[in-house]
Each structure stands twice: as structure tokens, then as C-alpha cells.
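Paired with chain B in one complex and with chain C in the other, chain A is shared by the two complexes that follow.
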Partner chain A sequence: MADDVLFEFLHMEMVSHIYKEQASRGEMDKDRATCVSALEGMGFRVGQGLIERFTKDSPSFKDDLDIMKFICKDFWINVFRKQIDNLRTNHQGTYVLQDNKFSLLTQLSSGKQYLEEAPKYLAYSCGLVRGALSNLGMDCVVTAEVSPMPSCKFQVVIQKI
Partner chain B sequence: MADDVLFEFLHMEMVSHIYKEQASRGEMDKDRATCVSALEGMGFRVGQGLIERFTKDSPSFKDDLDIMKFICKDFWINVFRKQIDNLRTNHQGTYVLQDNKFSLLTQLSSGKQYLEEAPKYLAYSCGLVRGALSNLGMDCVVTAEVSPMPSCKFQVVIQKI
Partner chain C sequence: HLKDDQSTHDTSKLNLILFTLTYGALVTQLCKDYENDEEVNKQLDKMGYNIGVRLIEDFLARSSVGRCQDFRETADVIAKVAFKMYLGITPSVTNWSPAGDEFSLILESNPLVDFVELPDNHSTLVYSNLLCGVLRGALEMVQMAVDVKFAQDSLRGDNVTEIRMKFIKRIEENLPAGDE
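Let's turn to the complex of A and B:
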């Protein structure tokens, strides 16, 4: 229990710190993009570190879908304490991961008043996923959307070279 | 295992982000104090939240020493996965908590080259302790020092009103 809370509280503080400090610089225009990018970058590096630990004893993966299944199950359980509820793919490099009760959103009220605020709490996690996939050799763009709280969807698009 | 790493990695990233962004503002003089204070503040708020969870089912404490023992044992185990190794007090409101293998320092090399860097990794934890004690009604100043890595000492001085 403690460790979950420890991570969740620290995550909340970090989001709030990054948005506050940006506001204090008075660059309102660049605000949102810069904050999202700072959080995403931190997530990216942590995701790279985590996946190394998590896959230390795993057999190698046979394809991209196999990797995505690992992310949806083992990775998600380790980080967010539950599996992804639904994984869809168009079999052309796009994956949609749906979490019906995303742990970093459950601390927010599920009323509509926070719907606008919610995306800031997803940037770090998008980075986590992108970092993990990157270390497994998949270069991706990861975005997320909330609807309705506390559920959310992560979209992963593999970048073809 | 995962959750520990999750917290530790995020903590490392947060420290590095705060120092980097400060450096980018070019205010080298204020640097150190501002960063320490930002990290300490985040720790303070998280400490307040954590202690509420941890003491939910605890009996009330009979005195300050009783509270400090709780911090050294239950709180420390929950947050840092081990107890404080040594608690000393002058019985006049000063406590010294020694951790011989502090989890947020074990990722750094224990050579002398990081000794100067180490204090930045203690600011957040000083805040955690101060926040926890504050919510239990103890107004304190908490400082920390490293010597030698990865052991460290937290000094808690109760502020008399």
C-alpha cells in the first residue's frame, strides 16, 4: 500500500510543481506544451529504467504484439497495479490501450470539473510507455486521452523508419 | 520490487529536473537554496499525506519520543523499506536519526566523487519527515548530512513556541 501512495503523491506534487514554475515564468503561451514535454521526458527516462528491470528474466519477445501484451500485463501491473482492460490494434502499427480505472486519475474527482485538468496527469505515463517501448526497440509516439474519468486510453503509433 | 524502483527512479528524475531547470535560468547564486527548498516543499506535502494514511489505524502517541519511534520504524519501513538504524536524542527536543544504508543514496556510487552531489538527494526526504511530524503536531526543522555514503543522518530539532 505505502509504496503505491508514495509514487502517486510524488507524481501529483511533481505535476503541480512543473505547472506552477512554468506559470511563474510568465510564458503562458508556451506553458502547456513545455510542461507536457518536461513530464513526458521524465517518464521516458524512468520507463527506460523500469523496463530493463522488468524484462531482466523475461524470454525475448517474438513480435510487436507480444511486446504490447507484456506492456499491458506485466508492465502495467508493476507500475499501476492492474492490467490494461482492453487492447486493440489495427495490425498496422497502431495500438489502443484502455484502462478503465487509471490509478493516477483515481485521486481526482470523477466529476466533469476536472476533465480539463486530467491530461496533465497522463503526460508522465505516456513517457513511461514510450521509454519502455523504446528500450525494447520500438520507436513510438504515445498519446493519451481521458473519457470518462477515471478511465483513459493510450494510443501507441509505431514509427516506421 | 517494482514500486520501490518506481519511486526511486521518479525521485532521481525529479531532482535532476529541478536542478537542470534552475541552471537554465542562469541564476547560479540562488541555485542551490532554491532547488533544495523546492524539493523540501514537495516532500513536506507528500509527508503530510503519507502520515495520514499510515496513522489511520494507529493508537494515539503518548509523547514526542513515541512519535519519533513511529517515524523511525513504521514510517521509515513504509517509505524506505528499512528501519532507522540508530535514534539518539538529547531529551531537549533534538533527535538524530541514522540510516546506514539510505535507499535514495544506494543508487549513487559510494566513492568520494559523489559526496558533494549527495545532499540534493536528501532534501526531499527532509521534507517528508518534516511534513509527517508537522501533521502529528510537531513543528520541526529537519536537516540531513551524508557520511560516509550510503549512510546518512537526519537531525530533527523541535521548534519550541
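Let's turn to the complex of A and C:
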């Protein structure tokens, strides 16, 4: 089967649609944040659902680092077609995941003019990761930045209650 | 035979699950954004069309199918190659019109709706309408204008899901001015 291609096409179209719709409704700046949070929210729910099906038969994880390694390997391979290239942590609840060739960015040009557009294409994925981690018992905030195209860094900060 | 199996070891199934869950989230979002099912159906069709016009390139690159000789061949390629490649199912091709310009794709199971139930207030929502747009857009890129719609929908109580495809006309390729 053509792994992930359908998802990538759908994702592109979703981002494009959400921004077109918001643009036709008014003030762009406020709406940019709305678009990002709409996409992130969708990703969150899907991430939760995905992890549920993904880890049904797997043994439980020993600790947060174990979970993050799982995200960097198995999860990333299944969702983004490759592993995370580099994982760093300060061992105090912050993790940085680096993907040197992020699958959802490769369809975009590497030109500078797209740098501004890139965050739109990361919002859904941030939600996916946040949703997945949430279902694994880790409440966190996930942000991402392009560094540079098509590589990007996802930052996961675990929320202490 | 593809079952509704949730094995964690079958990674190709997981990719499809990612797609279907994402699709579900999209439909939910559209239902929030638009007031009625008709509008959501239209948006799904439009988005599908946008995907289809690009997906065809991916399809032609991956498969080694050449130009189809007629609509019957097109139908077979759609059912046996395209659907299999992207959705892992092989619908059957049936109900040909006498003129040979219309046929049905019968899907015993529709992977898009694996985890879906339509709430009561969305009885006219054509949940999988994206597929119609995709087929329409893809075929337009190979010079075929077609009409695609759902004739039966398992989500709305029918036994099977049936997509009806009708050939409208051949689209002439636009030659640049000056060519013969």
C-alpha cells in the first residue's frame, strides 16, 4: 500500500482549507491563531485515538524517557515514515525531537518565502504528539519550529501539576 | 481479505488508521464550521477534487498502468489498482449501463468509516464524499469528465456502499497556440 501518501495529501488540503476559510471570514492575525489551534486540536484527538490502537498489545513503559524513545522510533516511523534523527533532554521534563527531513514539510519548497508558512504545517503534528503523549500519561505542551526546511524541531515540555 | 483488525504489528494498517482518523477529525471540524450537511458535502467534494488532481500523478508514478483504452478499463484500474493501492480494498465493478458509460463500485467495507457513527442530526451527510471529489479530480487530469456520487452508504443504513460513476465526456487537451 502507498504508505502515508493519502494522509500527506489530506493534511496539505486540510491546512489549505482551514486557512482559506478563516481568511474569508475576517482579520488575519487573530485568525492565524485560531487556525493553528483548530489544527492542533484535531491532531490532539487523532493522536489519542492512534495511540490507543497502537499500544494495545504492547507492554507498558518504564518511564518518561522510555515513552519518548517510543515516540521517536515506532510512533514517528508509523506516522511520519522515518525515525526522529536526534533526541535531546535536560532530564528535567523537556525534550527536543529533531527530524531532519520532516515528511509533512518536504512537499513545500525550501525557499525563504515559505518559512513564514511552515508553522501552519506543523500545528497538526504538534497536536498528534501531544495527544499521543496525553494518552500515555504524559501531559505536556508541544511546539515546533522549522530549523531550516525541511528539518524541524519539536519541543515537548512535560507539565508538572 | 481485509478485516477490521486492530493489530499493532500491521503497520500498513496503521497508516490507513492515521488517514481515517484524520479524515474523521476533518469531517467533525467541517460540521462545526458549516451550518448544514449539504455545505459539508460540497466542501468534502471540493477538497477531494483538489487532492485528486495531485494524487493522479502519484498514482501514475507508482503503478505501471498505461493509457486506458475505454471506460471499462478505467473502471478496472480504479477498482483493482487504485483502491487497492491507497485504501487496501478492491471494490467490485458492476451495474454497467447498456451504453457502457456508467457503472457502480461496490464496497463491501469502507475503511473511511471504520470507527464512525453518524449522529442523528446529520442524516444527509455524505461522510465519504471526499472520495467522489478525488475520483473526479484525478480523472479530469487524464482527460475524462465524470460524475461521481454515492448511491448507497453503509453509514446510512445500506448493506453496502455503492459509488456510481458516469462518463460525461472526453476533455480535449489544450494545445498551446501555434501547434497544429
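What to note about this one:
Throughout what follows, the second predicted complex is superposed on the first by the 158 of 161 C-alpha atoms of A that agree within 3 Å, B and C clash if a C-alpha of one lies under 4 Å from a C-alpha of the other, contacts with A are read in each partner's own complex, and residues count from 1 in each chain.
The rule is simple: a residue touches a chain if its C-beta (ideal position, glycine included) is under 8 Å from a C-beta of that chain, and two chains touch if they have at least 3 such contacts.
Remember, it's a predicted structure, so these values are computed and weren't measured experimentally.
By the touch criterion defined above, A:Thr55 lies against chain C but remains apart from chain B after alignment on the C-alpha atoms of chain A. In the superposition on chain A, A:His11 makes contact with both chain B and chain C.
Shared-chain residue A:Ser125: touches no atom of chain B or chain C. Taking chain B and chain C in turn and counting the residues of chain A each one touches, the greater count comes from C. In the superposition on chain A, A:Ala38 makes contact with both chain B and chain C.
When the two structures are aligned on the shared chain, A:Ser103 is found in touch with neither chain B nor chain C. Under the contact criterion defined above, the residues of chain A that touch both chain B in one complex and chain C in the other are 1-7, 9-11, 13-14, 17-18, 21, 38, 42, 45-46, 49-50, 53-54, 78-79. Of all residues in chain B, only 1-7, 9-11, 13-14, 17-18, 21, 38, 42, 45-46, 49-50, 53-54, 78-79 touch chain A in the complex they form. Against chain C, the residues of chain A that register as touching in their complex are 1-7, 9-11, 13-14, 16-18, 21, 38, 42-43, 45-46, 49-50, 53-58, 77-79, 124. Listing the residues of chain C that touch chain A in their complex gives 6-9, 11-12, 14-19, 21-26, 28-29, 33, 43, 47, 50-51, 54-55, 58, 62, 84-88, 115, 130.
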